[in-house]
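Order as written gives the chain letters A, B, C and D; numbering starts at 1 within each chain.
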Amino acid sequence: MSNILCLAESNNQLFNTWQYELTPYLKDSNAYGNIYFARYFEWQGLCREKWFSECVCHNMFELNGSLVTRSAANDYIASIFPFQKVRCLLNTQHIRAASFDLVFRFYDMESNQLLSIGHQKIALIGPESKKPVRFPKEILDKVRFYVTECH
Amino acid sequence: MSNILCLAESNNQLFNTWQYELTPYLKDSNAYGNIYFARYFEWQGLCREKWFSECVCHNMFELNGSLVTRSAANDYIASIFPFQKVRCLLNTQHIRAASFDLVFRFYDMESNQLLSIGHQKIALIGPESKKPVRFPKEILDKVRFYVTECH
Amino acid sequence: MSNILCLAESNNQLFNTWQYELTPYLKDSNAYGNIYFARYFEWQGLCREKWFSECVCHNMFELNGSLVTRSAANDYIASIFPFQKVRCLLNTQHIRAASFDLVFRFYDMESNQLLSIGHQKIALIGPESKKPVRFPKEILDKVRFYVTECH
Amino acid sequence: MSNILCLAESNNQLFNTWQYELTPYLKDSNAYGNIYFARYFEWQGLCREKWFSECVCHNMFELNGSLVTRSAANDYIASIFPFQKVRCLLNTQHIRAASFDLVFRFYDMESNQLLSIGHQKIALIGPESKKPVRFPKEILDKVRFYVTECH
């Protein structure tokens, strides 16, 4: 599966990491010449949805409930520019019965410089109650496959 | 109703025109410094949906069917820049039983220079059949109120 | 100045708060029916840029340097839907020589329910060096006018 | 070059066609469940810029002038949904000294059904004068490589 990468992290632990290569275009830039800060969240969304549909659950709309974003955050380390090749690495963290976190690390593909780090907390809410419900075990097992300790 | 404007057009005809003032921000700009061409279509969407919900039908989701965009087009006459005040004038054209056109004219609010002209064709399709259905008469009457001959 | 609001906060302190009313449209929604999480960051951007250009510095491009976003975050408390009227309150926090924070609180305009809270850290970097530089005193004074202790 | 495709068109003519595969995600959808009409123009932009940078001129910002969009249009033939695989075919038309047209045809990758057709007119304007200037011959030659008669 070409999008999975084994990464040697701190403490000599190996983590399974999902990766995706993306290229920003003019639509993502702004009058300062670099990529607008809000676009990084579109990338978080694109990566999480591609990962989820390819690696966790083929059709998110068939889950017995809705995925909701509880929080989202991004730290901007270096500017990104149109046409720059960017690699996004996705891992999971803090996996609970009804929520888990995603961590996104964006790297320049040529220099391997870390450009940005993002975090999200995702939960599942019931179709009627709109209250948190437990993820099915087969979903959590697949989410756990990508877990990392790194921040 | 503050968003309606009486405009004296060619041939000494008066047309009822809906208007909306909008300001582009950094998110709408691109690395060339001006507003990205695709954003004008977000403005077309914003204006048509604001006009429709305020002047035609309070809740578009309660129509017996779905509004669909058959075509959309835009001519770019002069560049627009972040923070520039823009006035959008909206009229209707070519009103049929199951479709009508929208025309959008974007003006610089200071100079009244015409910046851009857009067109859309909107249709109503049935909730099940997904085939064109007639608009209710009370909808078409309100759509007809904004009709213009201008292009 | 119509966009400034005096708010009585905890500890009987009064804070100057900038406010803006916004309405999400179809372009901001997604297939779940509610507003997509990344759009809240476009709103953060829109509000900060409108506030900055109206209340702090008329033309951000004439600053001797570039404004950069160091971090951005958002907590999602209740779903927002197309056409729902939303009030954004903006305040400043943690004002330093070369950076300050923005806090955004989004409320439903009918019920006054808190829908979402956002945070950003903004810095100024030099035009050549790309290193942090001090904000001019007249900028910081205006930024300080909107300071709050609330979180 | 993997993105170029030889297509047998009407009249037994062969045209060189650039193709790109894209997948819409939640950010591209709207509360009706399908893809929002304005996103098709972001795809037009993405495809033209990827094609231009890969096949015509590596760095569009190094051209002696700016590329401008004179007009853009799209016909919507069938709805597109999140996660649906879409193939975009790009060709050129009406090539003049200072402008050319782009035609975009979007197909469902499974059924080969035509989903949408788009058109743009692109021009080059001088860096100072902002008036139309001729494209360099090496640019036009590459643009001509993708010419088609089809509509």
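One rule holds in what follows: a contact is a pair of C-beta atoms (placed from the backbone, for glycine too) under 8 Å apart; a residue touches a chain by one contact, two chains touch by 3 or more.
Since this is a predicted model, take the numbers as computed values, not measurements.
Peer 1: Could you see whether B-D or B-C has the larger number of C-beta contact pairs?
Peer 2: By the number of C-beta pairs in contact, the winner is B-D.
Peer 1: Which chain's centre, taken as the mean of its Cα atoms, is farthest from the centre of chain C?
Peer 2: When every chain centre is compared against chain C, the largest gap points to D.
Peer 1: How far is the middle of chain B from the middle of chain C, if each middle is the mean of its Cα atoms, in Å?
Peer 2: Their C-alpha centroids are separated by 29 Å.
Peer 1: Where the CA atoms of chain C average out and where those of chain D average out, how many Å apart are those spots?
Peer 2: Taking the average C-alpha coordinate of chain C and of chain D, the gap between them is 37 Å.
Peer 1: Between chain B and chain D, what is the separation of their C-alpha centroids in Å?
Peer 2: Averaging C-alpha atoms per chain gives centres 25 Å apart.
Peer 1: Tell me, which residues of chain B touch at least two other chains?
Peer 2: Those would be 26-27, 31-32, 36, 38, 42, 45, 82.
Peer 1: Which part of chain C faces chain D closely enough to touch in the complex?
Peer 2: The touching residues are 26-27, 29-34, 36, 38, 81-82.
Peer 1: Using the touch rule from the top, collect the residues of chain B that touch chain C in their complex.
Peer 2: Residue list for chain B touching chain C: 23, 25-27, 42, 45-46, 49-50, 53, 59, 82-83.
Peer 1: What residues on chain B touch chain D, complex-wise?
Peer 2: The touching residues are 31-32, 36-38, 41-42, 44-45, 61, 66, 68-76, 79.
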